[in-house]
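One chain, chain A, appears in both complexes that follow, with chain B as partner in the first and chain C in the second.
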Partner chain A sequence: MTAWIDGQAVERDAAVAAAASLLAGAHAPVIAGLCAEAAAVQAAFDLARAVGASLDPAAGAALYADLGALASGGAMTTTAAETRGRADLVLALGAAPWSSGLLAELAADAPGRGRAAGQPRALLALGGPGDGGIQHVSYPAGEAGLPAAIGLLRGLVAGRVAGPHPFADLAARLRAALYGVVMYDPAEIGALGAEMLNGLVKDLNEVTRCFALPLGDAHQGRAVAQVSAWSTGQGPRVGFGRGYPEHDPWRFDAARQAASGEIDAALWLASLPAPLPSWARTVPTVALLGAPKGDEARVVIGVGVPGEAFGAALWHPRRAALAWHAADPVPSGAPPAAAILADLRARISAASPAPQPERSASC
Partner chain B sequence: MSTLTLREAPERLDLAGVTPAAVAGLSEAEAARLVIGTGRRGLTLGDCFALHLDGSEELRIVGATDRLDRVGAGLAAGRIVVEGDVGQRLGAGMTGGIVTVSGSAGPFAGTAAKGGTIRIAGHAGESAGGALHGADCGLDGATLVIGGMAGERLGDRMRAGLIVAKGAGDHAGSRMIAGTIVAEAVGDHPGYGMRRGTLVAARHGALLPTFVETGRQDLVVLRLLAKSLEGVAPEAAALLRAPQRRYSGDLATLGKGELFTPVG
Partner chain C sequence: MLTRIAGGRVVDPTTSRDAIGDVWIEDGRVVAPSERTPDRTIDAAGCIVMAGGVEVHSHIAGGNVVLARLLLPELGVSEPDAPNPHGSGRDVGMLYARMGYTTAVEPAMPPVNALATQLELAEIPLLDRGGLCVMGNDDQLLQLLRDRESKEAVRDLVALNVATSRALGVKVINAGGADAFKDGAVRFSLDDEVPAYGLTSRTILTGLLDAVEALKVPHPLHVHCSNLGLPGADDSLIETLAAAEGRRIHFAHAQFYAYAAVDKDNPLTGGFVSAAPRIAEALARHPNATLDIGQVVFGQTATISLDILRQFSGRKAASPRKWIVNAGDAEGGGIVPFRYRDRGPTSSLQFAIGLEMMLLSPDPERTILTTDHPNGGPFTAYPRILHLLMDKEARDREVAAHPKVAAERSGLAAIEREYTLTEVAQLTRSGPAKLLGLTDRGHLRPGARADIAVYRDQPDRTAMFARAHRVLKDGAVIVEDGEVVSWTRGHTLSLSVEADAGMARRTDAYLQGRFGAGLSSFTVPDAAFPDREVFEAVSCRT
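And then the complex of A and B:
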């Protein structure tokens, strides 16, 4: 069995019918999680448009730390592959880069193309735990924390802060590098820290080349941002309650909406693993899960795992792009979440065939 | 005086544009048809409020809750008096007039407000006088007075105007472009990324390493500011009359901002 209602195994069709009924009867539904292949995320946006739901990815907080900085001041970024090919200096900010696996690869080789070709590669760490197996130079962030340290480094690099300082050497190295890369996790340094970091990178580009390398989240957030951009022209926290996509990162935070009693139904989409929010057990919820147990929500429907049960477009962190992930040699045959979501939309549209005309998008 | 009495708020309601001038030309039946719902029901003013309109320049909102968003947004003249709490974006983009709230406000109060005065008797949420996601600026010339505590990032990316609060959380004055913030106490790391602007706080949390002390100051401009504050917030004016220690920052960015705190 791959479908459950109130923890009881049922036929999939009965569960889809129950899910359609739950969403169709809701005044303010939310579609959250969105930890899934691009086709399923697209189907979720289409369903949200049809039922007037809002959307919020599991990656929301981490994603918006970077999107906020990007929207405020822009960013100069690069990819892991370009870093490996061109960087003669890599600065790892905080703890997250040390668990990415990329630093070990970067330590093992040197830039092979571009203006730094043939130079050795220096690995530097600011505020991270380091790794005894990887040769690097470590600078402690200090009591003030990582965002404050990024600001101090920026002041030193630009010459606005002078005098002897433990970071003075780090600032000089960044200025002297031919192709520098700063690796960071937006969730770790926050929106203000990310904006300051982008400012540091831009300041460095006055004298040399330097780029930011944001580490993606684990829940397809970057892919969701792209689907949202081409579907609505905005970030992923949008709501279709008024018939057009309204972007509001505060209002459409699903956890906030659940806590304040603003949503009366939810659909949690996680064909790939994502932590189930606590509100899934209090708000009437339909869960589409790649690895279901059956008791996660009121209605649970098992769906195929993308890149295993079927080929799918997923975020590829190393390429920093959507990329095709082929199916296993012997696929399981479990249905894609996109098919279930399209089925839900068809059932709900058939029951209430008067769609709202779409007006222009909000700013 | 016109009055809107809230009967129920089954979802967040958007009161942008519900100003004294906008409803002055409407009959109660016409005003009742204004759509204020944010969900698929298309709720109207009449669905949620009992209306009494007399065309006056003062609009009173009674029984307000934190589900009322954008109260006073776009106000150009007249007065809106709120009895209760409000949600996000109080007075967003207003250019004139007065908005008063007897309770507390949600996030982004006074965002992009160019003129007029906003008074919140209670507390304010995060980014009061701050910028929305991707917006050019927060408070942009208006006056925002908060009787209680403001959340984090008070005056975030504000460009002009004055904010007075009893206290604020961390990162008060973050990314400030210009303008003035006066508070009895602010949290850690005030002025993170501020370019210009003035912060005055009797007490503050940890200062950033990119703020440097520039000595004790007894500046005429602070006395002038105190004088201008007398009518708005007398307790804030008293704060400015003491000799001040000045810090310059944020040297991570332009570094033309300043933080004043009383000596001693």
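And then the complex of A and C:
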């Protein structure tokens, strides 16, 4: 079986009917998780528009640190492939880059394109655990923490910090590099850290080339940001409660809404693995899961795993783009989440007309 | 169903038609006048009837359009009853459709981001869409050229990229410029070398011009020249035109190159004057060339370009003071917010130059109206621009409201020409359709796709073009009195081009080595759009 209501196995159609009824009767539903293929995320946005739901991706915190910094000051970025091809200096910020797998690859070769071709590649670490197997120069972040260390480094690079400093050598190396890259995880350094880093990188480009390389989140957040942008004109989080999209990262935080009792139904979409939020057991929830057990929520519907059960557009971290992932040679027959979501939308739209946009009062 | 659009003033420059009459349509196509009784009659008395508008250059999808929205959440905001040209794809489709446009092309689709761009294009309702595949800074192409591989190899790589990204044509953006930027350059011209490859921009451009001709791509190579927006940029455009050596070439947003340096010896310090006459004269002498304008209008916008060298150079003019340069694979992209001040001398002069270019045009079919949305401003400015082209008095009033420099440094004030409706249709319909090689649109001859705009004929041309009385897409009414009445989804036009199997194998190995992902990762299969038929094939020239 691939569908459950209150933990009891049922026919899929019965579960879809129950899900439609649950969502159609809700005053303030939320569609969360969105850890899924692009077609399913798109279908979730379409459904949200139809039922007046808000949307909140599982990638929330990591995504927001980057989006917040981006909207504050912009950025200068590059990709993993360009880093491999061109970088003569890579600075790993914090712990996350050391578990990305990319650093080991970068340590194993040297730039082959551009003006740094033929030079060795220096690996530097700021505030990270390091890795005995990878040759690098390590700088401790200091007691004030990583974001403060990035700020100090920016001051040094721009010549705004007088006197000797333990980071002076690091600042000099960044200025001397031909193509520097700073790897970071936005979830680790936070929005302020990311903003400071973007400033550091921009300052460096007054004298050389240096770019930030954000490590993606594990939950399709960057794909969701794209679908959100073209579906609503804005990044996540967004809500359709008034009939038109409103962007408000604080207001449409599903966990906050659940805690404060603002939502009365939810749909959790995770055709790929994502940690189930605790509110899924308290708020009446429909869960579309690639790996269901059956008791995760009031209504659980098993869906195909994208890139296995069927071909799908998924975020490709190494390419930093949506990329086609072909199906397994012998795909399972599990239905795509997009089809279930479209079915839900059709059932709900047939039962009640679409909400009309709220109009401002005129006098 | 046989439909008669009755009694309107029918304007079709391709048949020199401008007279009261009928247009007959059946099964989504224009048909010859029929003796049969129509199943439906659309009264067009007092109206102008034209083919649906065709957009050749508007940034409506892709990674940079997404990034612009994320950089400027305030610009893309939605409000009830106020669709936003910087907002969602749904708003974009709605705003084009109600102006009577039925086809729009996104000119900057990098092959590395084709899937996301195509997914986004497919979410623009009401219109047929297309994307141009960008080449000219990608390492694989530059390696082929550096290694002096055959023209056939370059042709095959271009064909493979067009086929894989499901593009409608090919664009080059400051050939080699992004690559040079990554190596520290801040200026780059046609005969400068891309340092790491020892190739000039001219060599890359020539390679792509040849490939597009060899493949018989209907749309000529779509060229964004070097030195955009700088005094003396007219030299770049004229040199690039000469470099085409008679091959077909399209110049994107040419207004941004129509800036002659006041002080030729110190071009960057003395400001600029209009080079519109020089470019119009060059166009008259070169029937192989076309251009779109990139008209500047006033207000807040975001400039979006894959010319990262230029965007980096322009960063200090960012308003508000935040910007993005993504030095990604191949071009990457750059977003610099900008406010064209309506009483600012530079913006006003740019505004005047764009109008001057259209008014000096030797052939409106080859000087297509665009604002390079959103770079010169939003596409929703078209109705006002058409009004100014058609009405000398309105133009004089407009120019009088701007700083004197706009009149002193351009020839706009002295131009008496007023565009006719036929010329408007050339500028916005027949010209762009011919340019894209879409023989089934841009006209009202039997066999044409029944994409039709019906406007109420009124002296206020801005009002007339802003909200069409009726718009038909494939024969179905989608807009009535400026409001969308049927949310059809249109198709994405993609060129039917055969990719060479040998080049596909070679490219697969290259991509695996570079990205750890092979050619299949870069494809845009039908399965990416479940339960929808998104693509419509366009044939190459015979």
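Assume the second predicted complex is superposed on the first by the 354 of 363 C-alpha atoms of A that agree within 3 Å, B and C clash if a C-alpha of one lies under 4 Å from a C-alpha of the other, contacts with A are read in each partner's own complex, and residues count from 1 in each chain.
Rule of thumb we're sticking to: contacts are C-beta pairs under 8 Å (C-beta built on N, C-alpha and C of every residue); 3 or more make two chains touch, one makes a residue touch a chain.
What you see is a predicted model, and the numbers here were worked out from it, not measured in a lab.
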Fit-or-clash call for chain B and chain C when the two complexes are aligned on chain A: fit
Touched partner set for A:Arg173, first chain B, second chain C, both or neither: neither
Partner chain in contact with A:Arg113 - chain B first, chain C second, else both or neither: second
Contacts of A:Gln42 with chain B and chain C, given as first, second, both or neither: second
First (chain B), second (chain C), both or neither touched by A:Gly142: first
Per-residue touch tally on chain A - higher for chain B or for chain C: C
First, second, both or neither for A:Arg347, with chain B first and chain C second: neither
Which of chain B and chain C A:Gly85 touches, first, second, both or neither: second
Partner chain(s) touched by A:Arg242 [first = chain B, second = chain C, both, neither]: both
Partner chain in contact with A:Ser72 - chain B first, chain C second, else both or neither: both
Which superposed partner A:His27 touches (first chain B, second chain C, both, neither): first
After the two structures are overlaid on chain A, angle v-u-w for chain B, chain A, chain C in degrees (C-alpha centres, nearest 10): 90
Per-pair minimum CA distance [chain C against chain B, superposed on A] in Å: 6
Set intersection of chain A contacts, chain C complex versus chain B complex: 67, 71-72, 235, 242-243, 246-247
Chain A to chain C touching residues, read off their complex: 38-39, 42, 67, 70-79, 81-82, 84-86, 113-115, 117, 178-179, 205, 208-209, 211, 225-227, 229-235, 242-247, 310-313, 316, 318-326, 336, 338-339, 342, 357-360
Complex contact set, residues of chain A against chain B: 27-28, 51-52, 64, 67-68, 71-72, 142, 144, 147-148, 150-152, 154-155, 160-161, 192, 195-196, 199, 235, 239, 241-243, 246-247, 249-251, 262, 356
Of all residues in chain B, those that touch chain A in their complex: 10-12, 37-41, 67, 69, 88, 107-108, 131, 133-134, 153, 157, 171, 174-175, 189, 192-193, 206, 208-210, 250-253, 255
Parts of chain C lying in touch with chain A, wherever the complex brings them together: 61, 63, 65-67, 69-73, 76-81, 84, 86-91, 112-113, 115-116, 119-120, 123, 139, 179, 182-184, 195-196, 312, 318, 322-329, 332, 335, 514-517, 520-525, 527-531
